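Presented below are the structures under discussion, each in the form of structure tokens.
Here come two complexes built around chain A, the first alongside chain B, the second alongside chain C.
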Partner chain A sequence: MISKLIVWQATTQRYSRLLPVRIAFLLVLLMILVFISLSAVSTGAVRIQRDVVFKVSVDAMAEKLHLDYDSGLDYSARCLPGQSCIQRDAALVREIRWPRVIMAGLVGASLAIAGTALQGALRNPLADPGLIGASSGAAVGAVTAILLGVNIGDVLHSDAPALARLTQSLFAFGAALITTFGVFRLARWQGRTDSTSLLLIGLAINTMASAYIGLATFISDIREVNDIVFWTLGSFAEIFWRDVYVVVPFTGLSVVVLPFLARQLNLMTLGEAEAQHLGVNAERLRMICVALAAITVGVSVAFAGIIGFVGLVVPHLIRFFTGPDHRIVLPASVLTGAILMIAADLWARTVAIPTEVPVGIVTALFGGPVFLVLIILSRRGRG
Partner chain B sequence: MIRQLKLRHWLLMVIALSLLVFTNPLHHSQAQDGGTTFPITITDATGNEVTIESIDAIASGSGDVTEIIAALGFEDNLVGIDISSTYPEDLLDRIPEIGFARRLAVEPIAAVNPSVFFCTETCSPASVFDQLRALNIPVVIIPDNSDRGIELPLEKITMVAAALGVPEEGETLRTQVAREIEWAKTAVANVTEEPTILFLYVRGRTLQLVSGTNTPAYDLIATVDGIDVGAAAGVVGYMPLSAEVMLNAYPEYIVMFQGSVDSAGGLDKVRELPGVGDTPAAQNDHILVFDDQFILGMSTRTGLAALALAAQVHPTMTWEMDMPYPYHYTDMTGIEVLVATPVELYATDETLLTTVQELGFHAKILDTPVEGSLIIATQSADWASLREAGYTVVVVSDTADIPEIAAALGVPGRGEALIARRATN
Partner chain C sequence: MVNHLDAQHLHYHIGKATLVRDISLQVNGGEILAIVGPNGAGKTTLLKLLAGDLHPQSGQVLLNGHPLHHHKPLELARQRAVMPQQASVSLDFTAYEVALMGRHPHIRGSETREDHRIVEEALHRTEVLHLREQLYATLSGGEKARVTLARVLAQQTAILLLDEPTSTLDLRHQHMTMQIMRERAKTGVAVVAVLHDLNLAAMYADRIGMIHSGQLAFIGTPDEVLTAANIHAVFGLAVEVLSHPTHQCPLIVPLATNGHVATPPEIGASAGRKVLADQRVTSAPHLG
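What follows is the complex of A and B.
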């Protein structure tokens, strides 16, 4: 009881002193996020003047929020063949770039916060949404939907491509939840969950999943291979507003709930037994974190495919700057995950115009080296 | 004096150039004025109703469609094409590239501001079409499904022509391509062998596929009376290459894309692929390499592609691939005619015309012949005055049979093939 008090006092005192610095840190991250979002929206194969992009964005926001505002941009000009026009540029910014950028931000935030929560709750710096089976499970679900050729559209007598993708997303989400639950259930032994065996079981499940996807790639035709590559390497190329609306509540749930668990996650770093003594229900905390991570990551993968390394690297990156306090690491990882994912997607879609690189390749390309550097630097810092 | 001449030379060039520049836009307005007025609405291969306001700026996401658009005379309306648009050859040097048919992205297409976007059923991802529609760019999907067999190019042509508002021109092109496909079928009508053929697709070191049923390769091989040993080995669609599959198929001929051979690193590297070196095809140097879009593009050149393949796999084929121009022929008027490469070929009546066309010529019925033409005339036609007018005229009897007409045209071998073809039909 006394030790709990001491820890509590220590963290509170340090916290109050650090609070302004941390708020400043978050504000800086927020500014970077706004900056990178606006850059991403103004950049692409179609060249649109920056002021047009901003006016269109402001008009769109005013319209969505029912505000009485008009930027004075003239949308009435007729579109002539072979020439750019405001109408089309506006539609591009509103209907294609903004949903894409926002989705990238949401998925980046989801993966990062899920990674942070898992690393804290499992007390293992290698925990990653991918390692508890959420990502590979989702991919298995999507690939199954592709191979079986199931399509909600068949039931609804519609052949809109959006419905085929939605079917795949539903399969992905369902499979992500089932896989994570399965991993968690297998790791549970005599009423408690062992973190190490949880990760090892996750690893085994991942191996099985990648074997399944490999087999699927092998037996499927060229067109299906394209779809499967989308799921295993990730892409934001096919995002519409309706997808964003689906993802927002799930990401929002994690972003809102997880920071409330920050203090319990901090206590977990002392050791599971110690945390138990300090009144943390370690088992329940783990279950909540894993469940939230599975839901958030499952829905992200369902719309954007598997995007590796963000969930693993971002928490380490933040901790390198802020130290291990989850009260700052959790919100900072939300912002940083969003920033990095938007930047990665921007690079992925502009580096090889007129084609796009799968965003998962970009995150792995940069995430791997960054992770190595972080490990080496933090070892020196300790040494 | 020389200086003056130079100046005049320049002036002439400027006039010629400006004429070119100013007459070009006339080209498409002609097509519009002559036929349908825009906007036009058509139902495309996916069953969508598409309204096309203008075809002044066309983007094509697939090489086969680009080929048809160009063949219909709308080459100058193209503002963006995909990387598989390799025919006509110089197109990719002149027109902006918008990606690759199977990996499209919305922005590079939107960047060329097309007034209409064409692609096929095999283009992907399909959500790009939704995104383009959100930008008010009409999307026309052309059929590209292998269950339509060798007729597929014809369906593509009809739909592209309808979307461009030139159904008559489409019909002409369709007839021409259909006729060329017929030639290939005729050319193999009197062959004795049944060659075993396998199509091998290679992309680098990682992707090697053999094809079977439900593929354009299967349809092409069937057209030239070959046996698709991929299909015979039970392959449906495409299947990864393995030594077992290759030796099970044991083809006498392997058909490959030039692009595949290049990406493999040359024919020697192809021979090192699992099982390939042990096939009769590799041992007898029967690995046939064709341009990708030509051989399996399923577009305007499919008939010629089938003919080219037939010539390679049928050593007993009598159908002449190369014309014997110039040749001497003593016709029934007793005159020895010297036939040089004709500008156009005309026939004086319909029955004669049909036979000439079936013998591998895009001949026309005689109206007002252009200079340098060859006219094949029946005895009862007014061949004497045509000859006086300076045309090359070959006269055949009113009841001329296939051998006589074929001989008159310098292609007796094609005559033999056509007799066999008519006998089987």
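What follows is the complex of A and C.
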């Protein structure tokens, strides 16, 4: 069975070098993404028919874009207690489900593209946004905000709970950038950055961060512990449009810029000196990739907490099918990261209704075994 | 196009260890300069200085009259290619994809039919075209070296810097590699190759630079540099220099005495350097 799979894999990798095959592959992923998004929006504690979801979404888009279109849904139907009705379903779809699903997609895409870029730029298949300190740094920032009890609301004389959360997000984002910059700075020696020491320093920083978070959990009261668990295990609960609007430009930056560096990332696999000989400014490339990864992952963690494994596994998963060319791996990992995260969040919020499982647990639960299988298969494939 | 690499008084040290000491040399288009010397003499460091990987603490390298660091990486990559000693690829690219990477400095947007033609020609010339679909990581050492050579040739540069291009190759492919270098030199390319095999250097190089503990001990034509006295002074090996039966070049044959091929050089670095200094005057008229 395994040998058959490997022959099959060799075939897919050969064909995936053809441009039409690549485009078709991306289109298929895009279709899966649309399908799973619609499914995720229709599924939940309240089940909403998929055609209703579709019509409500189209109506909402038409309204935003000032298009003269009407799906014919009757929004004025009276809501009876205990029954589903268009009006309530529409509100649920528009204000709760879509922002959550889109945020999950954005965060999944961010983590996956950051992981791909880091693995390429650092020439290390173990590189992961978590390993360079972005995730744990963000968690340390958020936990610090929780422990100190800081809240922008106090300054603004408002006690909206969203402001407490926003404060934690800002702390998380700031700390993610500071930590990544610190790791990068420590790894820099005589104007050069050594990938191995970068990862080892990241590991050391991560250890310190988890000690800090552990200690914080130990000395906190129950309510604070709940908040801390949210940050360390990740969740897409309580995500609204305003959060999505903040994340879009950051994710968009990586998604737009990184594919332009795809060929240079390919050259990096030859080695840093060899890439330089072929005209790549390796140091600059690495700085751009690390900076983009830190910003994108930092903002993702600031809203969704630490979600492990996606950044590590998705690039491996894509390469397993398409081969290592970053020109296909980068866009494919954006779509696959989004698909997997939406699926993971769907599972996390529906498996134990009415409670939710932290999504970070789901990604680790599935990501771990998948990673193991990939490693074993690719080892056999090499003979 | 003038292809001219000019190293002026290069000096490079790490901590207290001096790896390259005041080396000056020029390479012109159309010639092959072989760099020879014992292990740890500083050959690779010298090549890295010429390539711009390392920056000398003093001295400079001029490419067509301009210091290396004035050239942008991409601009530099269109003028000189470097073949590393060992080339590993961290992801599963095929041999063809690796060779195609050599076209990077010339590709704007995406690769053209012409790029593919050049790569195929290079793979054909280094006799690895049949391995094109194989994963680079699964190739043997010699096959990897030939794919890497194809990558370097596909870069189509006026200057070639090669670090032991023949060390993993069988006899036939060693000569194939050097013949390719001769062909390229004939079209005006300047070639600098670090070589271990003195006979290979003798057969193909126009000039040979012999490095000893970071210094350029001798430089000149194969006949001038590859003398028994020079080789004994630098390598600590007794040899007899014959003349090649068919080529106009020296042929170096190690001498075995009492079952030992090598006689250790004089004990103590200072003694060795003194011998060297004496011979520098007598047998290296080009120097200085």
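Basically, the second predicted complex is superposed on the first by the 361 of 383 C-alpha atoms of A that agree within 3 Å, B and C clash if a C-alpha of one lies under 4 Å from a C-alpha of the other, contacts with A are read in each partner's own complex, and residues count from 1 in each chain.
Just so it is clear, a residue touches a chain if its C-beta (ideal position, glycine included) is under 8 Å from a C-beta of that chain, and two chains touch if they have at least 3 such contacts.
Because the structure is a prediction, the values reported are computed rather than measured.
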item	value
Clash or fit (per the criteria above) of chain B with chain C on chain A	fit
First (chain B), second (chain C), both or neither touched by A:His66	neither
Partner chain in contact with A:Thr269 - chain B first, chain C second, else both or neither	second
First, second, both or neither for A:Gly323, with chain B first and chain C second	second
Chain B versus chain C as contact partner of A:Ile353, first or second or both or neither	first
Least C-alpha distance (whole Å) that remains between chain C and chain B when both complexes are overlaid	43
Chain C to chain A touching residues, read off their complex	48, 51-53, 73-78, 80-82, 84, 87-94, 97-98, 101-102, 104-105, 107, 133, 135, 137-138, 155
Contact footprint of chain A on chain B as seen in their complex	46-47, 54-57, 79, 96-100, 102-103, 105-108, 110-115, 122, 124-131, 134-137, 209, 237-238, 240
Residue ranges of chain A in contact with chain B within the complex	44-47, 79, 81-85, 87-88, 91-92, 95-96, 159-162, 164-165, 218, 221-223, 226-227, 230, 237-238, 240, 349, 353-356
Residue ranges of chain A touching chain C (in the complex, touch as defined)	13-14, 17, 123-125, 263, 266-267, 269-271, 273-274, 276-281, 319, 323-325, 378, 382-383
